[in-house]
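Encoded as structure tokens, the structure appears first; notes follow it.
The letters A, B, C and D name the chains in turn, as written, and every chain counts its residues from 1.
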Amino acid sequence: MCGIIGIVGTTEVASALYDGLTVLQHRGQDAAGIATVDGARLRLHKENGLVRDVFNQTSMSHLRGRIGIGHCRYPTAGSEGSSESQPFYVNSPYGIAFAHNGNLVNTETLRREMFEDDRRHINTDSDSEVLLNVLAHELQIQDRMALTPDHIFKAVAGVHARARGGYACLALLLGYGLLAFRDPNGIRPLVLGERVTPEGREYAVTSESVALDILGFKRLRDVAPGEAVFITVDGQLHTRMCAESAVHSPCIFEYVYLARPDSMIENVSVYKARLRMGQKLAEKILRERPDHGIEAVIPIPDTARTAASALAEALGVPFREGFVKNRYIGRTFIMPGQGERVKSVRRKLNPVELEFRKKNVLLVDDSIVRGTTSRQIIQMARDAGARNVFFASAAPPVRYPNVYGIDMPAASELVAAGHTVQEVEKMLGADWLIYQDLQDLIWAVQDGNENLKHFDTSCFNGEYITGLDQHYLQQIEMLRSDDAKAARRSA
Amino acid sequence: MCGIIGIVGTTEVASALYDGLTVLQHRGQDAAGIATVDGARLRLHKENGLVRDVFNQTSMSHLRGRIGIGHCRYPTAGSEGSSESQPFYVNSPYGIAFAHNGNLVNTETLRREMFEDDRRHINTDSDSEVLLNVLAHELQIQDRMALTPDHIFKAVAGVHARARGGYACLALLLGYGLLAFRDPNGIRPLVLGERVTPEGREYAVTSESVALDILGFKRLRDVAPGEAVFITVDGQLHTRMCAESAVHSPCIFEYVYLARPDSMIENVSVYKARLRMGQKLAEKILRERPDHGIEAVIPIPDTARTAASALAEALGVPFREGFVKNRYIGRTFIMPGQGERVKSVRRKLNPVELEFRKKNVLLVDDSIVRGTTSRQIIQMARDAGARNVFFASAAPPVRYPNVYGIDMPAASELVAAGHTVQEVEKMLGADWLIYQDLQDLIWAVQDGNENLKHFDTSCFNGEYITGLDQHYLQQIEMLRSDDAKAARRSA
Amino acid sequence: MCGIIGIVGTTEVASALYDGLTVLQHRGQDAAGIATVDGARLRLHKENGLVRDVFNQTSMSHLRGRIGIGHCRYPTAGSEGSSESQPFYVNSPYGIAFAHNGNLVNTETLRREMFEDDRRHINTDSDSEVLLNVLAHELQIQDRMALTPDHIFKAVAGVHARARGGYACLALLLGYGLLAFRDPNGIRPLVLGERVTPEGREYAVTSESVALDILGFKRLRDVAPGEAVFITVDGQLHTRMCAESAVHSPCIFEYVYLARPDSMIENVSVYKARLRMGQKLAEKILRERPDHGIEAVIPIPDTARTAASALAEALGVPFREGFVKNRYIGRTFIMPGQGERVKSVRRKLNPVELEFRKKNVLLVDDSIVRGTTSRQIIQMARDAGARNVFFASAAPPVRYPNVYGIDMPAASELVAAGHTVQEVEKMLGADWLIYQDLQDLIWAVQDGNENLKHFDTSCFNGEYITGLDQHYLQQIEMLRSDDAKAARRSA
Amino acid sequence: MCGIIGIVGTTEVASALYDGLTVLQHRGQDAAGIATVDGARLRLHKENGLVRDVFNQTSMSHLRGRIGIGHCRYPTAGSEGSSESQPFYVNSPYGIAFAHNGNLVNTETLRREMFEDDRRHINTDSDSEVLLNVLAHELQIQDRMALTPDHIFKAVAGVHARARGGYACLALLLGYGLLAFRDPNGIRPLVLGERVTPEGREYAVTSESVALDILGFKRLRDVAPGEAVFITVDGQLHTRMCAESAVHSPCIFEYVYLARPDSMIENVSVYKARLRMGQKLAEKILRERPDHGIEAVIPIPDTARTAASALAEALGVPFREGFVKNRYIGRTFIMPGQGERVKSVRRKLNPVELEFRKKNVLLVDDSIVRGTTSRQIIQMARDAGARNVFFASAAPPVRYPNVYGIDMPAASELVAAGHTVQEVEKMLGADWLIYQDLQDLIWAVQDGNENLKHFDTSCFNGEYITGLDQHYLQQIEMLRSDDAKAARRSA
């Protein structure tokens, strides 16, 4: 879960990259960075924190140039340190700055090859740094006399041949231009836009179309799976398919939770897809629990609101904002001699008690991952006086880890892993619990673009399109479990 | 628009004050501060910024003590500097820390009296510092031998006799306890809660009941207009009516816009009041425009969502979240040689285009103040392809400045001041525009508590319960106009 | 040990106060602050740290005004927190900002009176805050109609009647002017200067004349013991003796160690006084150890250099800079798994080995307090190959605590307290040790101004000019011992 | 003018590097950095500022590892930005961190070759980054199978073949060890030390021996001109001569001004060399001005103090510290409406007036560069009442720019360039002026080590040992002139 944006403009681009990152911020609030090309110099500023905190007038004024990339990071496997924020930079060959959304499943092999065969030192745990060095190496073995788009596309083909996983990438090649490419299965999203200004045509490539909207770029199309787009410093657009044909499998979690509702991904409106999720869920409820007796449909804000409102409409039951989200959550301070603290979920959500008292309420969330929050919310609804608390998930049970760039806990910490719906219902303490069916979820997205035949739904059914070996999932288990994280943090 | 909270606890209170301020943050994001009493010492930390940015582990660890107050500030008349964040402190008599929500209308007179008669120096433009010194003076003229609750209540009565305006106040009297009081008309809200812990009974007094909820305090009741509450350092509660009987006139804008929906103010649920505003508005639409042809009701997020959903339900028209709010708005950087910038409203809201295309949409906002944003939003809806754009305001036309602590522009900058609804409709560019009637707004609140006979509705009808002189509104005009603000900032 | 400066100028004074503080910085590196009067407002900025770190362009630009005071602090008894940096401010009466160099010996009594009789709250451990409140109270009981110089001088007389100790004080009285006064014994220094500019006459009052030099002010004279100087906002100078006649007893430690060599104090050049200390010491050596066999005189930099060079000249022995002072001492970091650390004195001084090898060297320091550093330095000289290491102190044995504002350890930690010179010689490990005689030290200063008949020499002979009670020295013992300090810091 | 230090230790080295940098700080106060090797990771922290400000507990705690390098920077040609602080890092091949003291005279050629032939991007103006990439390239073309000391020394030989100038370098080769090497003429200093600890033998390589002293390392010897020293991660020391034999020409300015007096460079005590400079100067004065009539010899602190004291001794004239250096110089703030400011030299030095009044004084400085400060100091001496002001420079006239790493202005800004001593005397306003003869300066150093036959004395006689082309000096002229600097800074 990261957001990326690259622009080849006709005037200074730093503030457009900044504005773009602010609307991609939901994809990663952990760190942010911008790199621009200022004549022969790379300008780079990155730091842990929100976009609005990372950049100030001083840092922005150094980010001169008409071409640049930006990145906001949500930590995935193993990458929590501040040195691992992006863009990354290597100076050989040419000088390359690199930003990436996604995750590789053969990082360890690549990392070993990089050092042993290519004598390239990787200084962080980030698979993005590995991917950058694979790209650098593939560029280095091209003909050294003059780097043409043809050489660049060959290098991307070389990357596809070595890397396995989901990845959408942006690279600044100093003196040449902006390179964008997407993994052969098209797991992670990447969209291309253009803007015509009095000074000429400008291009932007980014994770979500909202960034184009906000900047006044017109969405042209999604970058195709395996395709590379190269825009020269003087604004010439070159594109080429750089991978063998593979099954197009966009990540369905983008629609469920990750993307902003106002984005179009693969020509599907995320907002519409969520409305359809609500409809399908209503149909299932009416089918399975015709006498549901629900008196209010209450979303867990913010993501679930869209599906919940469609669900309420379809059920013919009032839609009520029973929970108010605290938008200004603070830190937790440990004070000596302090009394009882606010419960963690209470810091995030507060119930409007009148909406619960003596009612049968259906709480709707976009998905259930660990189940901890859901359990606390259900209890909160009961404490507010609800007679019966039902719970609906707009996505199917999450039972397998995500390996393509969405930060999800280890399988052992997923509440639904190895459990039936009835068992989960009991663990959460709901009067009843209902999950979306996977086929319904797929339909909800597919209905927006019939050309989409397949999705990455691995969290729900454990089918990993790129293939994985047993070893990899064990490793993930070790890296992502809470205990492992706590140990790393205190190191 | 400020938020205040005070606690007399049995253990350390700083982190509870902090948590409380985070849920009052919507009342003021400009500055924050906490003061606690640590033995004979006052501990104080305040700074410009959000609660989460103002406090860190170091500052929190200095805020020792079992009794304290917190404040978050939204700048009102003339108070923009960082030195004017609260709590304020004077060391004579006793040592008093003071936090305040509201505004006085006779500040200039008091300021002059303070200096000339009482030789007290006021070092800021803040009327809170004036009010603190009035209180300090009234305490100083009490018998000096031993300060009893009786003396304290007499001092509050002295404050009421001198101060005119809307004010809810908290004061720490070092060595004595926490004093809370509210203006004789009860314009600004103040609510009292208690929590029973194994170590004993604790009290909290705060602007909104959500802060009590989140901290596990039980809401006891609103502090009455003109009443003072004094809680001694060892937790004894004393209360007394300290003002002549006056018309109880709570600010109706708290229900329209300012308060969190999950708060109870004067025993009225803000959420319910907003639902009723939506219903009443629907009735008016059905009455005045029976053939409205609306295909989607779209709220301007976030405040209008509640009223809009009830309105949609009452009209029987789909409720659609057509605008997505950007939660991570960044700063505006001025870059040399930079091209076209994102329009200001575009940085805050992005339309889901499919919800507008070829539709007749009704946009709903809580109120219309300057009209600038509304006009841009209406245009955005048209750009997104709407066929007709109707606009509804859950509050009546705002035609007069607020003088009781809500930051609103000068009359000359209110779009409805001196204009008919038809003229405003035209200025905003709506196909039609509808405003809530004032009687309907009053009903929507009153329906929750029939004891409420009167409200401060001065922004709508220009009737100021405390009385004003001509001079005062002219002064406000000068202080609050944009030009005046720009001039002060650059000074 | 603090430095103070006040200016009544004809144009902005903040940068002159800043420059002045940088040359007073040797009197206190712990915290710094400036207060100015900007129309009716007090502007104040203070923080822990060096002058150059405390102020930046932003803070300076707020310090508008033609009249102001500055302070740099070396922590004395009990005042280590950041909230205790100066100037202090009270708003009643008039608004007073206050900066002070010195120490009171009846703080506890005054503190109690302040609260019980005057209901003034003192929020820090600083005796400066106490003194400010005594002054505030004395001003408050003057006639309230119009504050004349006469009233002000009466208030100062009131302060002298209540306060006991050594104090040089500056106070800004808002709307009136700058007040400066000095304790009746004139223990702490205070000097008055003037500068004539095209815009008119300006006055400055400060701890040391170097600050006048650097700012282009002409030194007029020292403020007399017990005298008060009041300069109105429009530059009128008023002076008056406000105390009963008392023995003039300037602190002799200013000449030994504290003041800059280029300062004139009581019309005595500090540099010349130190040269004379060296001469007298040489005479004693020649008298007591005619066959001293010293081959090089080596000062402990920086203060002792002046006396040592005169001593070498008088002995006819080469003067050699055998120790190089490290000007960029860093912090001590504790690193896990770290090997042996540099010894503390080694971080400050490094020997030039060739100057020690096989030589008889005389090390000269200005004084010996705890003896810890001296012992390490003597060992360092031996390690560098010295044959014999002799040690001379330009001041007599320090056997009693300083109670008038110089930070010195508790008596129990003074190496000479309760010990003979022979015992100290042995503890330090010197081949022989020689101390200046007190009469010679007095002569060295007196020779510059024969009107000086008496000095505060209490650290050497335990005679406290203001009188003390037994209780006070015990209290000091408790506050200043290292264990006590460590306990407070970790609290 | 930079300071470098590298350590291969048996335990954590970060705090030793930090302590070492604090005693090298006089070589560069502009920026500081430390890099350590922590397992397979490079840890790096660098920033603009003094060592004590650049590092804090957090940054230090990340600098884990038993091997590391540190750098403090004084800006030379063109390198003022914060991105140009050292150590620098490239990740290919192996991962190399690099720190450097000195300057290359063929940077532009190397920079072009780097990009065109080696496709390595240089992102700063720093010649250190160029030198690092030359080294990286030379390492990359070695056999890739296993990097032996032999390969490493071949790579250093390759660097010597390409680079021209004065350079002392430290490089961390990740996974291999610490490499140190010095230019073939040995212009810049580099010294090797060892320390035997219970855990084994440790090595340090650094600019000046004081850093060894302070850390308890024994000085073994200077690294020879053209020699490379390689210490493996497990502490094995390898050395080899890697350059053709060349004339050994240490920079004589290290003795005049740059180095600390307590350092040994090329087995010569800097302190002793300075004493001899004073003696020789005295001889010249006695020879040329036998009736000099000097009544006091007054050094310009701090560097000139050593030579001046020997000079005074040799003349038989009192040595007096007539100027007191302000150790706490602050920034210059520009305040609106501000009156006259302190003169720049007055902020740094203050005269002890009594030492000047009606005397004939000889002021002694280590050298005269621009002459601006000297002129102001002479005037200051006159203002203090001196009858005659004579001026002596312990170094000959500086007439040519330094191109080997000492920051000196362009020739056009050197007061002595193109002028006779009489002309300079007049320009400075001295009653008479005397310069050291070059042969005397050489003798003063040489007398400490008769093996030194030649020095880099190019600033005095324009003879550049490495050869230069006309173009280069013009370029320096353009880069270093004040106008050029001002233009760059405002860019």
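Basically, a contact is a pair of C-beta atoms (placed from the backbone, for glycine too) under 8 Å apart; a residue touches a chain by one contact, two chains touch by 3 or more.
The structure displayed is predicted, hence computed values, not measured ones.
Touching chain C and chain D at once is no chain at all. Under the contact definition stated at the top, no chain borders both chain A and chain D. Comparing mean CA positions across the assembly, the chain most remote from chain A is C. Equivalent interface to C-D within the set B-C, A-B or A-D: A-B (over half of contact pairs identical by residue number). Distance between chain centres (mean CA atoms), chain A to chain C: 62 Å.
Between chain B and chain C the centroid-to-centroid distance comes to 51 Å (mean Cα coordinates, whole Å).
Rounded to whole angstrom, the centroid-to-centroid distance between chain A and chain B, based on C-alpha atoms, equals 37 Å. Shared interface positions of chain A, defined as residues touching 2 or more other chains, are absent. Chain pairs that touch, as defined above: A-B, A-D, B-C, C-D. On the side of chain B, the complex with chain A involves touching residues 9-12, 14-16, 18-19, 21-23, 25-26, 29, 50-52, 55-57, 60-61, 197, 199, 210, 213-216, 260-262, 269, 271-272, 305-306, 309, 313, 318-319, 321, 324, 326-333, 335-342, 346-347, 350-355.
Those residues of chain A that touch chain D in the complex are listed here as 41-42, 90-95, 118-124, 133, 136, 140, 144, 174.
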